[in-house]
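Residue numbering begins at 1 within each chain, and the chains themselves are lettered A, B, C, D, E and F in the order written.
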Amino acid sequence: MDLLINLSYIAASVLFIYGLKMLGKPATARRGNQVSAIGMLVAAVATLLYSGLSYGWIVLGLVIGAGIGYYAARTVQMTQMPEMVALFNGSGGLASLLVAAAEYLRRPEADAFTALVIFLAIVVGGLTFTGSVIAFAKLSERMKGSPILFKNQQILNAGLLGLTLLMGIIFMFAPKAAGFLLVFIILAAFALGVLAVIPIGGADMPIVVSLLNSYSGIAASMAGFIIANNVLIVAGALVGASGIILTSIMCKAMNRSLTNVLFGGFGATTTQSSMQIQGEAKAISAEDAYYILENASNVIVVPGYGMAVAQAQHVVKELADLMEKNGTEVRYAIHPVAGRMPGHMNVLLAEANVPYEQLVEPEDVNPTMENVDVAIVIGANDVVNPAAKEDDTSPLYGMPIIETDRARTVFVLKRSMKPGFSGVENPLFFKENTRMLFGDAKSSLSTLVSEFKDAA
Amino acid sequence: MDLLINLSYIAASVLFIYGLKMLGKPATARRGNQVSAIGMLVAAVATLLYSGLSYGWIVLGLVIGAGIGYYAARTVQMTQMPEMVALFNGSGGLASLLVAAAEYLRRPEADAFTALVIFLAIVVGGLTFTGSVIAFAKLSERMKGSPILFKNQQILNAGLLGLTLLMGIIFMFAPKAAGFLLVFIILAAFALGVLAVIPIGGADMPIVVSLLNSYSGIAASMAGFIIANNVLIVAGALVGASGIILTSIMCKAMNRSLTNVLFGGFGATTTQSSMQIQGEAKAISAEDAYYILENASNVIVVPGYGMAVAQAQHVVKELADLMEKNGTEVRYAIHPVAGRMPGHMNVLLAEANVPYEQLVEPEDVNPTMENVDVAIVIGANDVVNPAAKEDDTSPLYGMPIIETDRARTVFVLKRSMKPGFSGVENPLFFKENTRMLFGDAKSSLSTLVSEFKDAA
Amino acid sequence: MKVSVVNEPNKSETRVALSPQSAQKLSSLGAELSIPETYGEALGYSKEEFEKAKVSFVKEPDLAGSEVVCMLGVPDDPFIDKLPEKTILVSFLDPFRNPELIKKLAAKKISSLCMELIPRTTYAQKMDALSSQASLAGYAAVIIAADRIKKAFPMMSTPAGTIPPAKVFIIGAGVAGLQAIATAKRLGARVEAYDTRPVVEEQVQSLGARFVKIDVGETGQTEQGYAKALTEEQLELQRQQMAKFIAGSDIVITTAQVFGRPAPKIVSRDMVEGMRPGSVIVDLAASTGGNVEGTVADKEVMIKGVKIIGLSNFPAEVAKDASQMYANNVANLLEHAWNKETKRLELNLEDELVSAVLLTHDGEIRDERIRALVEGSHA
Amino acid sequence: MKVSVVNEPNKSETRVALSPQSAQKLSSLGAELSIPETYGEALGYSKEEFEKAKVSFVKEPDLAGSEVVCMLGVPDDPFIDKLPEKTILVSFLDPFRNPELIKKLAAKKISSLCMELIPRTTYAQKMDALSSQASLAGYAAVIIAADRIKKAFPMMSTPAGTIPPAKVFIIGAGVAGLQAIATAKRLGARVEAYDTRPVVEEQVQSLGARFVKIDVGETGQTEQGYAKALTEEQLELQRQQMAKFIAGSDIVITTAQVFGRPAPKIVSRDMVEGMRPGSVIVDLAASTGGNVEGTVADKEVMIKGVKIIGLSNFPAEVAKDASQMYANNVANLLEHAWNKETKRLELNLEDELVSAVLLTHDGEIRDERIRALVEGSHA
Amino acid sequence: MHDLMLLLFIFVIAIFLGVELIQKVPSQLHTPLMSGSNAISGITIVGALAALHSDNGGFAIFLGILAVIFATINVVGGYLVTDRMLGMFKTGKKD
Amino acid sequence: MHDLMLLLFIFVIAIFLGVELIQKVPSQLHTPLMSGSNAISGITIVGALAALHSDNGGFAIFLGILAVIFATINVVGGYLVTDRMLGMFKTGKKD
């Protein structure tokens, strides 16, 4: 019997592995989910083979749970799925917490290691639970989406976390005696979950849910340690690790860093005041840029002399084609003085067979620049220099430019911070929404192109 | 102590994982090897912490082994490295066999599972050993490289394998009583190794070595099961699995299938006689085509009307550039009647900025066609139709063509088996060395391009 | 075997039928070549080059002693009078428009290899002078249009405003039309093309241009790949739909030909007048009557500000390349018919190609259509 | 404010200084525009278009009543005599070659905005008529060369032999040279270019052409981006090394100019004679004396089979686009100097740009170099 | 102890495997992947079931039942919702 | 039994991890990668060392010593030779 159970667990783990892998590819995602569901079934059924289980209670629990889950999943509106996922995730975390608690009640005289994992399962499970509930509330607008901030928030959080850890250590060394502590630990975990999520803005919630999902995996894994169950450990670890990776992928796609998301709320008020004084230009890697482009629905390409120098016209076209295939609207904004002769850009883009219909003039694109998700500035410099609008001492002042600085995000592809033909410094490079993609334009673009192709 | 050992093992496994991953990328390969070496050191040192080891013997063994290994590795000529690897691999296999044998001697009353893994370790280790030695002999030309074939070879092999398995089953159920069988099992394993490798030709030896390397990993893993040692199991399994993947990658790069390599020797005599009668055209995937191109040092591109239809000129250029960066010599052979108007190909290639120097005429390329590793025929058909030379009833007879059929390998990129403008069937598609890469030329080429980029 | 290449009867012809390169090939086959003095000089061929290819120079061609006579343009009567019987004559003969000439050739038992009759097969392409010359004509037409129009072809986004690309509309996308498309595209124009044969659509797109579909019902092509003539109704339908494309174009290039007949009139005077002043039309079919109403061969006609250019000899605009190609076509044809053993040109009537090209032989007109025509003109 | 645009004194000039589009812009600024009847008709501008832009037509320009007068080509003496004092004149004035004219303008207290003096800054590019016209000249030069040479530009691998690409050598890769490079490249030629300024190398390559390096020692450019003159020694060195590139080319296009001086003689007669017969040279500097020995402005000269073409007015070959661009340049200049409140042109001498362009004002010649020249010519 | 070490071992290797499995995910799959892997984290159901030992005390049983309920919600809801999301891709705007 | 199951578990997961680790390898790395992973398969040295238990019989010890020798050859030789190969890339023809 044990052999069978164990072999089933191995099979279940393999199914989870395949399922997760397939979930990451559009063509196989749905089948992947089914494969992983079968894995779950196998694991659950195998578990029922253990002797001495109270089947009555089990059936009761299963029926209630399945009913609720089924109902919720069937009736939820498409637009509310993310919050529903958050809720499901929260119940998973809570379940891990409960398992840990039940195990403790069964064998309160645990060894230090078991006590440790009980503690971890409870804390991680608990904060997953309340965190997910808050995320749900924010997503479903039952709670206001904007960050909730108050004075000394950080101090409170740090204090609570310290206190929890302290209780954990005590519990670890005297699990039986310090059992009552568990109640406080649970409460502290709940509080931590709430406190961690309230300062985060609504737009960042999907990232938070993904992170909490990773946590719930960890909690399951810890629960696995408590009852020495390998399939729990493996599945939990898989979810924990892949969840972190997914979270970081999502962060990149939203051009955020994880710390920024988690602690962004705190900084929010202060960053704003960081002045116009040319700060530091922020570089971006082609890979990260890819994630942003992949998500953009409206892109303009602004070619300049550097595109000609790099002879990047063909790659530009290729990238644009790939983005269009991805559902993005792409236009080329040609500035009249771009390049080194009138019509320089036209020659190159015609060579690359860019249809004339996709070329737009600055007058046409500037008024709707706010709706442009990403402006890709390829070896252009003077023609996107906002000093021409803003700085009446600049030699460029008064020249109409392509106002990429007003796009949501700007990528500037060039090799260095050097100025262009006019020799004038370009404040665009230092704007909040600008990212410098350094290197020869052709090779930067090639990298972007292969990122797109890899994902297909 | 045990805790320390186990933690060290975990650390060693992690180092192996990182090491292997890094070994697969040119930039990190060397450091990867060092990381994995550190892992090995950690694992070995940790093992020495076990109580009750005979350190004297250990030191003796280590010193002798290290001396031989060091000497061999230092003095070997660059050109002889592959055979040296084979030899090292063989000694690894032998070591696993010895470990299994020693363990058996220590505890002859093993349970069935342990007996099974002892058997497996011995068989796999033993055939790895002799197989590697034969591979070494063939590579170093101590033995003739051509396949050694004799009558009823397959029957002999199958018989021996069956016998071995039989002995294994007996041994499994009565490990103590059937101990004497081990000697025969070892001999049978040795014989299997020899028999498996002698029919394989010298050119395929690297693939065989890679496969044997994977086997030696499996053997180590089995040895790990015998002594219930997790680091052995993990490292062995890693090598076993990654070795198989590497083997299949190498097969693709040589345009061979694994079965072809392993049993090719047998078929060799019969395949030759398969007639000129138009057989089946063999398709190839872009991924497999990539592996062949990646290895080619001399490529000609033969564009035709299909390239124009697909508007694939830019991708062709991109692919050619990537191949050149990879050290391959690329030329474009332009047939005078290719396309649908005089100079059709010139217009397109000029648009894609293919330098005039890379264009060659059929007269120039045909004489050296034998030295061309791969001819990539892109939507051309009539202009590469060998019927023009071979079949004096063909309407094309007498027209000079680009004789791609004489290149080592020919890829034909087109959408179907349909004939070209002249309506004449093309026997090129059915030649031994031709592979059809079906699909729109532009998308096939794009896939090739991204394969190249991914590898970089 | 004596092969004479003779001066063109039409003095304005700048192309020639022999280049040093083709002479080299023919000499190596065993031909004894002679050419008039200063032959090809205007194209930059030097005496030395020809002499290196074993060509001898003569004051007056020794027609009586020549077994083969090669030229490019259609020979005139006095010239044919000078040819002895059985001479093999290689040249364009424009047979459909010169029935009298053909009759005379037959009567004089001259074996004429008519370059217009090279079959349009893949194998024969190397001898296909109609194709080679048409291709260059297509190129030349665009260059002439670019030179004559007072506007640049490419789009230019400049600080002084954006110059829109010239719109070029090409009617008839055969060999000449395709080359015209390619050339206009290269120069950056917005190119649209139209042809009655539907297979051409893909070919037009393969050059990156847009194919204009005009529904005129059933059309087709002959086995040789030539277009079939449209009915008068179809032509009317075509004209209507085409008028708006023409009106929107800066440049129209017409190349529509139907083998063996006068060129179809496709662009009417109304359509011409519908164009913006300053526009340019180039009519490649001028020599067979023109596709455009108002075309006058070798004149630049202005109609309400629209310039119509119809040269009778477009390939001569790039005479050097055209000569090189024609000379190679001829040499390839002779090589094909050459007997390598006897080192002589031997007209093997079994040979499909020779049989197709040989228009008159032994007093007979061998091509049916042309025989019918000649006999018709007789009656 | 009354703005008159007048007919060109040079009757052969086909470009104009006002287009309906630029008229629109000026009218909206508050200018009352008048033009001669039939102005721009030859380019296809219609009366209605102009009228829609609120332009009035006059038989004779009312010079006395105009505050601003715009034109393109250098005005002649009788015309200036008719201008009242303080008139603002906007035009090309070719000041280095017309010192007498400038003196007269100053004497008549005319405020002349000299289009040649637009500074070559990024901001001023929209008014830079030298650039806009040079760019079109570069395009036209290649089209003319392609039309005149008896050879096709692109490489063609054909069944009748391979036609090698034409070799085009471009001397001077400024605005005109770059456009010539781009155009020749597009047509499929093998393009090489040379310039004395080393920064140009990257620009040439950015168009996919090859830059020829000729070592002539120290060179440079002025602040404005114009080339400095070479010493006689440097020119000799340059000529020697250049001869072999020229000899290997089918087409040579020269565009070398040095602001304010006659064009440097770069291609000597020897070099011309070193070219293959049938080659073509286009000399864009013809109007300032030519870069080629033997250039005669507005004539096609043949030297040993090599044709030298030197128009004095290349942009006029694409007069429609050239006019559109020049008209926009002028309009942009006026707009810059316009006072939006008073709706009048007000010459603010504080404004760097106005100050640079304003050649004569209040009886004074404001540009130093030209003043020096005028005073020199006087002495 | 040894057992625990092995479990730890498993944990570590599984973490690495999890990292390797997810490499590059197109944005339209972000949510489904999150949801699908969330369903997998419902594996804690195995722990919950095991907790319902008949020899457990009442309170433990109570906790166990709750654990089973919540875990089942996670599993059933998670898989179904993911399947619904992915089902819609077929008819979705892309491809 | 339980132990063995865990080991089997480890084995299976490690196999998957091994498959994921190697994805696309440029041809110039084929031999070094093979050689480097061959060196890892010398991990059997751990087994060989463990076999040299002082309570083993003479023949077992003899086999153990041989095992240590061969395993060490594999390990030492394998790593060194791989390192030499990879060292040469620096100066090699590519890059």
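As a working rule, contacts are C-beta pairs under 8 Å (C-beta built on N, C-alpha and C of every residue); 3 or more make two chains touch, one makes a residue touch a chain.
Bear in mind that the values here come from a model prediction, so they are computed numbers and not experimental data.
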| item | value |
| --- | --- |
| Common touching chains of chain C and chain A | B, D |
| A-E or A-D, whichever has more C-beta pairs in contact | A-E |
| Rounded Å distance, chain A centre to chain B centre (Cα mean) | 38 |
| Distance between chain centroids, defined by C-alpha means - chain D, chain F (Å) | 76 |
| Intercentroid distance (Cα basis), chain F paired with chain E, Å | 35 |
| Residues of chain C engaged with two or more neighbouring chains | 125-126, 131-132, 135, 154, 156, 158-161, 163, 186, 188, 208 |
| Shared-contact residues (touching 2 or more other chains) in chain F | 2-3, 6-7, 9-10, 13-14, 16-17, 21 |
| Two or more partner chains touched - positions in chain B | 17, 230, 234, 311, 336-337, 342-343, 347, 350-351, 353, 454 |
| Interchain contacts, given as pairs of chains that touch | A-B, A-C, A-D, A-E, A-F, B-C, B-D, B-E, B-F, C-D, E-F |
| Residues of chain B defined as touching chain C within the complex | 305, 308-309, 311, 336-337, 339-344, 347, 350-351, 382, 388, 395-399, 421-422 |
| Chain E partner contacts - residues on chain B that touch it in the complex | 2-3, 6-7, 9-10, 13-14, 17, 230, 234 |
| Of chain F, residues touching chain E in the complex | 2-3, 6-7, 9-10, 13-14, 16-17, 20-21 |
| Chain F residues within the chain A interface of the complex | 1-2, 5-6, 8-9, 12-13, 16 |
| List of chain A residues in touch with chain B within their complex | 311, 314-315, 317-318, 351-353, 446-447, 449-450, 453-454 |
